[in-house]
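Read through the structure below, which is laid out as structure tokens, and then see the notes.
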Amino acid sequence: MSKHVVVIGGGVAGLEAAGRLSKAGFEVSLLEKDNKTGGHLNDWYKLFPDRRNSDEVKAYLYGITLHDGIKLLTNTTIEKISGNKTHFSIITNKGKELVADAIIVATGFDLFKSARKEEYGYGIYDNVITSVELEEMFRNGKIALSNGNVPKTIGIVHCVGSRDEKVGNLYCSKLCCVTAVKQAIEIRENLPESKVFCFYMDMRMGGAYYEELYREAQEKWGVNFIRGKVSEAGEAIDNKLVIKVEDTLAGRPLKMELDMLVLMAGMEMSDGGKKIAGMGGLNTGENRFFAAADHHYGSNRSNIKGVFYAGTCTAPMNITETISHARAAVSEVMDYLRDGR
Amino acid sequence: MEKYGYTISKGRQIDYESNDRRIAEYIYEREPSFRLCIECGGCSATCTTGNITKFSLRELHILIKRGENDQVRQNIRKCMLCGKCTMVCPRGVNTRNIVVLAKQAFQKSDEYAI
Amino acid sequence: MKIEGKKAIWKDYQKEIADDKFYYVRSCVRQNFFPGSETTFLKIMRDELKKDVYEHPCHTTCTGIGYHGDIVPVETTMTVVARQFAIMTEAGYENLLPSCITSFGLYTEILDTWHHFPEVEEKVRQQLKKATGREFQIPKNLAHASDVIYKFRKEIAAKAKYKLINKNTGEPLKVVDHIGCHYAKMFPSKGVGGAEYPYVLTGIVEEWGGQIIDYPERRHCCGFGFRQYLVQANRGFSVACSKEKFESMRPFKPDMIITNCPGCPMFLDRWQYVINEMEGKRYGQNGEGIPVFTYEEVAGLVLGYDPWDLGLQMHQTDCEPVLDKMGIEYSPEDKYNTGVNVEHSKSHNLINV
Amino acid sequence: MYKSYLCVNLFTDHIFDSIMEKLYDLLLKDIRFEEGLNACMNCGVCTAICPAAEFYNYDPRKIVDSVQTKDDDEITELLKSETIWYCGECMSCKTRCPRGNAPGLIIMALRALSQDLGFFVESEKGRQQLVLKRTVGHWILKYGYCLYLEGVGTALHPEQGPVWDWIQDNWSDLFKKMGANYKGDGPGILRKIPEDAMDELRRIFEVTGGMKRFENIEEFSKKKAEELDMTLDEGIDNEYFRHIYKTNNGCHTR
């Protein structure tokens, strides 16, 4: 009888892990809390840095997972996890028990809830939106203000919920800078008359072809970059947003009116992940993400034998890294089930 | 008006809306590499003037971009156009030419004649 | 503007405010500039709401203005504050009720410091003992006087004779709320509604019929800045801050400003006069100025107290436009009648903005 | 290393003569400094909303950045500078800092040290501390109030307007009408604070270094007045006081 592996989470990491496990001959159950898989990929239209359609990546992932070898359980959350030395018992919200030889936790991240940065007025001022909402506008082919008008000046705020002790997140979410640059370019493509301003603390363009994208944004698209953390936004009587920032490289405070403000919300340990950490006795780090057994060579291993991590439940990662990390998790599971117990 | 022994202070914020950025536009058109600066400060570090006075070429670029023309005008004369800065720029910005063009733009504009 | 977003934030910043048995400490600025406000506050608390509010003659300044003017060392201020606590403890009270925002902020800051650095509290205890022989307990509850009015806003509304409504149009008055910086900017959780969208005055104004205006410079300081106003050479900065606010609120056409800090109403009131004198610029409808009130004054007006008992004649910017809009009956000829020297008072020709 | 001829240890009553101590270490003794400084990443969020930075040639971010170098020369320069006196202590910066710093508290620690070391008289704005000492400080120790404004007319405060003239002219009656217990016994507005309470207040100032701060301000100001060849008698009606109260060289703002 083949071994049974339960994968928790049907986002990029979960799908990749499930597909690879199935290909390697394991019996796989894939648990997803929503009614469909795909995770955050469903929220993004085009991906950085090459701006390919996210549907293409989803198509690849669905290609390796949507078959009889993988038991997909949607709308499924976990009520209880228990285990002895060789097996785990997972009770779902539907009262079903799954017995697993190993578990891959791929619970991903939650987008930082931008309303927590109260001073930016998300959820209060009409034209303060998040990167995800802008992406939805790109998908629908219409970038518009709340009154339907086309924005002429758009500000993009980096580090919303990242590198910020006030919201309890000391870490860098790593992908917001490149997302900001990508979205800035796309705004300019869609609205050639518009002016776009990125407010950043440091441009962290650490992925392949990210820096090149940054350069393109400057060179080809005339995106303006202003170094300073936006301090607050207010709403003027004509619905324009008044923002205050220090132009730190000029050493002067700067005040600007914008039609639209886009918040680059960061990544946080998911609520689902937190719940599982609590009931499974899994260690989390100071950043609240799952703490891997070793930061350098054990990033897929947890503090419990037989439980492994894949993807952004351990730290912010891009899709490339997430897929690699999921594959690595599968390789750890294979070692474990062969001789590791 | 000084009536009570003081005047009402004027703001020193960069007021983006009311600033005149025509000098910057003039340079963007003629020297597109002006857009490529990443504010590394390499130019200022190597700048002879910058090493003996308070002049900062990096900051001058920012001030041009923001339309802080008075401050630009006060400082731009300090540049001796030696061109050392262009040799170190990691983004290949023709930093010297930006100063040349800014001076040109000022000269062409009566309002900002140097 | 989506009010739901603010409501969600307000829900997160509820603070505990005592119900009764308050120990009241006065404000240096209020006593000198708005004495009627403190008198009105106590009248509302004691006569209308039947609360026990105790005041001890031996309490002193908390030294707040000296502290923030940097002439009083932090240890001195902490020990003076400890003495206030000691007098309260001796009087058998636990709920501290400061009239002043600077004091409130200072008490909050000091309690927070002692919480994080118990050795500092211990040192202060020793110094207080050495200097005065007194000992103290930490207050059980610390609420600013505006918090308390906020808490009892519904009770006051139930007794109200007037509303913050324009009698002629039936429209709510458009009110700018100005929150003292030290109310919640240092410790957002200590203010009703937090630091970014404080609810303390908003709740009061809405309960009494008015409508709050949210304008871009809402969070800006009035410009007091302690040494910035107290020294003449620095006042250009001080007035510039208020001017920034007036310019920003101007398009919203506010009927009035309400404040919860002792100093802000004085500055927002006087600087309108100064800006007009220096630059010929007038604010408010028809250039008649934007009347500025303390929250106690507004409570008193709503309850139907005589405007001249509240001390509205001590404002430089006339309050009458708001009284007229609310339909409040008042006697214009009694405005400058101090009840003793009528002729002398009347002889002054007051120029208002 | 900075050789201070008079170092006041801010959290003890002792005064050490001629000790060698780093200025940064002296700052660390101020509890507000410990609370106010973690590590600044120069994001500028403080300067963006700082009312002082809006009008003065001032950048709280740069001050924090200077201080965190721990460099004695940089800190000395700050202590003698105009720039540390622009802050209005509204503390808006504390609300926003993503690193939990409070530039306003750091400024307060710098100002305290500048006065303890006598550096405050080296700047126009710093010299104004004598104004505050001789007004607010005087009122605190004499009356028990930070402000005691009877007799303080529109000569010193012209912006108070005609209403203030009227208030000053009718002070006593008006305050009676306002329900004050002006100069009276018992509780109430502008009551006479009993002498034993005033004694306690003054003893607290003695014991905790408040009096020492006042003496320092006086002592260094007198030296400065001599240096500037200006008269400085008691009170506020003298050349040096008027000079520091009114002088603005115009270089502080744009």
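Per-chain residue numbering starts at 1, and chain names A, B, C and D are given in the order in which the chains are listed.
One rule holds for everything that comes next: a contact is a pair of C-beta atoms (placed from the backbone, for glycine too) under 8 Å apart; a residue touches a chain by one contact, two chains touch by 3 or more.
Please read all numbers here as calculations on a predicted model, not as lab measurements.
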Going by the touch criterion stated earlier, list every chain that contacts chain A and also contacts chain C. B, D
Centre to centre, using CA atoms, which chain is the farthest one from chain D? A
Between chain A and chain B, what distance separates the C-alpha centroids? Give it in angstrom. 40
In angstrom, rounded to a whole number, how far apart do the mean CA points of chain B and chain D lie? 38
When centres are defined as mean Cα positions, the distance from chain B to chain C in whole Å is 46
Which whole number of Å gives the spacing of the CA centres of chain C and chain D? 23
Where chain B touches two or more other chains simultaneously, the residues are 3-6, 9-13
Among the residues of chain D, pick out those that touch two or more other chains and give their numbers. 49, 53-56, 95, 159, 246, 248, 253
If I count partner chains per residue in chain C, which residues reach a count of at least 2? 195-196, 219, 232-237, 239-240, 244, 274
If every chain is a node and every touching pair an edge, decide which shape results: line, ring, star, complete or other. complete
So in the complex, which bits of chain D are touching chain B? 53-57, 158-159, 246, 248, 253-254
Which bits of chain A are touching chain B when the two form their complex? 203, 215, 218-219, 222, 224, 227, 247, 249-257
Which positions of chain C touch chain A when the two form their complex? 1-2, 4-6, 8-9, 194-197, 214-219, 251-252
Report the residues of chain C in contact with chain D in the complex, numbered from low to high. 26, 28-29, 31-33, 35-36, 38-39, 55-61, 63-66, 68-76, 78-80, 83, 105, 113, 116-117, 120, 123, 127-128, 130-132, 134, 181-182, 185-186, 188, 195-196, 219-221, 223-228, 230-237, 239-241, 244, 270-271, 273-274, 308-309, 311, 313-316, 336, 338-341, 344-345, 348-351
Within the complex, which stretch of chain D touches chain C? 10-11, 30-32, 34-35, 49, 51-52, 54-56, 85-92, 94-95, 102, 108, 111-112, 115, 124-125, 128-129, 131-133, 135-137, 140, 144-149, 156, 159-167, 169-170, 173-180, 185-191, 193-194, 196-198, 200-201, 203-210, 213-214, 217, 244-248, 253
